[in-house]
């Protein structure tokens, strides 16, 4: 049986081509697959569409990817942060396209892609400027918007433990978007803190079953990001 | 802090009134909350709408509820089984209404209720006789049906462990519909094999967080149902 | 109540002169905490609403939800004990209470959107007499927009409370006839807690339930530039 | 291959006489197993498709999915070791392979509907030349209907294989111009494995890839009452 564990982050991001749509896990720095993002920058792919809750902070992670001018468009719920100056500058200069998506709608659109749901109706955003251009419908007397799935070519996520079959567990609030993003990409790549043997993960406690994961890479050193971000 | 654990199954099903819509967990006998169903029969509520994967087998569980003439309508994916004679007889006599729902659509409609999704499009059932009366739409060149959430007054489910806050874990394939049904009822009632103290369940391995559970009852004796059923 | 009374303010240009006192931020948070029933599931928005937690005695069994996948959120950790994987929606380090749990964003927003939260408390730029909320976008067309979970919380929680200063720093009322800032959601707000009053959104408009000592309904109407109704109880700041 | 050759059948009334042999059920299951790539994620339908598992050497790393919430389904337990909480979609006791996992129905059908299964193998009442599948309802209007997960699997898996006898017990072809039984899904079938042949559904209609020794394409067309194309390889039963 072949293992999904690859040798290093370079191998993990192999084959990511320019023009790809990439889901990137994390909420702030919790669950952010920093080493995979660095490898993606080194990989050189450009003209990317990035889907992530935030648009990067400081000059690391997604901000570094943006600063390297690899991103054509970003879908996120909260680009503006106290130190999102890289995104802010590109946005004001008209050099990056932004699709602002409410956080729950972002999670649900990603889930819909993974679950094979063609589209869904949600009350979130109805009657707001984020409803512009969207179909709406009254259901049980309440206004709803029609929202479409966000399918991706790749998902880069960070988990805690993996086995060679790609089964994953997460750690605390670093779980956030990982499990839904894992379901929605053609190729999901997980960086994990530790790889364990097959059978070592409790079958009742596996959060992401291996069917959703293509590649696993162990990155022991975890970045200790600061607490400077100020909003969700 | 008050506990969600009630003394017995009678207390657990207290307040279930005639005319209620009730989700009942289980796939065959795995995860079926047998003691809660027995208590529901004793409780006397009638004119019920039942939502469950199967329509009962033998003369126990849902079949007993049907035999007691408490059920007006059932939504399920697989009523016909080798020993579903109670349902079969009522159905042929026109004494029970059946809404046949594909298994995945059943799970997703229940999830949609729990997740506050107004409606969703799925390819499942498009172009079949189960599409009758349903809105359809072509999305990305593929036919989809519009499916609506199944909201319920009560959910009766079986889990393995609970704590006084209503956090639940399940056991093996008895998990099946429990976690989604728990989210979709105004009042979710779980029968469990054991109640543990607050803090004894691993926060990473809780499957149903207590926010979805109103009442917990411990029923140690687990029925050993036979293996006579023959189909999903 | 932890109220430290502050002097009222004067805005000569607008001609609004308060003779009364106002609640400080701690007292505002404490006032909301009083209205949260024991055992409730609650989401506290970023900023001032987060401080409500300081006024919720753990014995009351109020369970705090954080939209990034936590139920049973506890207070900030002791200095030096911050865990970068354990943060709240404001990305500040927090702790987990016994009996808490972690889950993904899909389930977290199912809790929100599916009506499982008893209460959420949000900040506001503006609240209209119809209960419309504007709290995500200050209206400037060149601003970097950011919405986060605000729209989901506003439509999803069973009751939506707003906790905010009554006036902006420029002295303008945050209670308005009609929001001029972009909406978060229409008709979603149930109750408004300010430094001056507690106000219900009703089908008949805004009804003042409590007013801080030294203020009259007339004065409140004047600085709010709104017709407010009610027979408010006078309360200490 | 575990084939035990069986004699062909004769149905005098319909004038269909086979000179050839046919595959027994074990050989049919083994033939499908050969087409499942190593490391695939596969759902095997109730009945004959379930028996494909017996022909999948664990070293091949094929992971079996069961729609009631299992990935990594293993063989039936030793006698006396059945666990009522560990059953397959046919409600028979099974085991879990090392590295397997349990999950709820929502996630299980996300795997199915979301296109994560490489292959599912289903039984059939009828398959049309357009790949339409009828396998859930035998058409009798007074029958108790039951659909289970068949419709989800038929639209969801990346490739849908049908494993079925070529003819019904009454000698009628299960391959048809157009299904007369209620559809499970339209245009979903990729390949059909029968006791007589392996047949691909193509935009140009049904193409026979393999035929059991002793049969000719002409004979197959005749008993199928269809125009079948192809240049089939002759294979042992």
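In this document, chain identifiers A, B, C and D correspond to the written order of the chains, with residue numbering beginning at 1 in each.
The rule we apply is simple: a residue touches a chain if its C-beta (ideal position, glycine included) is under 8 Å from a C-beta of that chain, and two chains touch if they have at least 3 such contacts.
Quick caveat, the model's predicted, so the values are computed rather than measured.
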(message) So if I look at the partners of chain A and the partners of chain C, which chains show up in both lists?
(response) B
(message) Comparing the two chain pairs, does B-D have more C-beta contacts than B-C, or is it the other way round?
(response) B-D
(request) With chain centres taken as the means of their Cα atoms, state the distance from chain A to chain D in Å. (result) 37
(message) Taking the mean of the CA coordinates per chain, how far is chain A from chain B in Å?
(response) 33
(message) For chain B versus chain D, what separation do you get between their C-alpha means, in angstrom?
(response) 30
(request) Among the residues of chain D, pick out those that touch two or more other chains and give their numbers. (result) 96, 102-103, 106, 109, 112-113, 156
(message) If a residue has to touch 2 or more other chains to count, which residues of chain A qualify?
(response) 108, 111, 115-117, 122-123, 170-172, 203-204, 207
(message) Output every touching chain pair, sorted by label.
(response) A-B, A-C, A-D, B-C, B-D
(request) Can you check the complex and tell me which residues of chain D touch chain B? (result) 46, 66-70, 82-87, 89-93, 96, 102-106, 108-109, 112-113, 137, 142-152, 155-156, 182-186
(message) For the complex, give me every residue of chain A touching chain C.
(response) 27-31, 77-81, 84, 87-88, 91-92, 98, 100-108, 110-111, 122-130, 143, 170-180, 207, 222, 224-225, 227, 229-232
(request) Mind listing the chain B positions that touch chain C in their complex? (result) 1-2, 111, 113-117, 163-165, 167, 183, 198-199, 201, 203-204, 206, 209-212
(message) Show me the residue ranges of chain D that touch chain A in the complex, using the header's touch definition.
(response) 38-39, 41, 59-61, 63, 65, 71-72, 96, 98-103, 106-107, 109-117, 156
(request) Going by the contact rule at the top, pick out the chain A residues touching chain B in the complex. (result) 108, 112, 115-123, 137, 139-140, 142, 144, 169-172, 202-205, 207
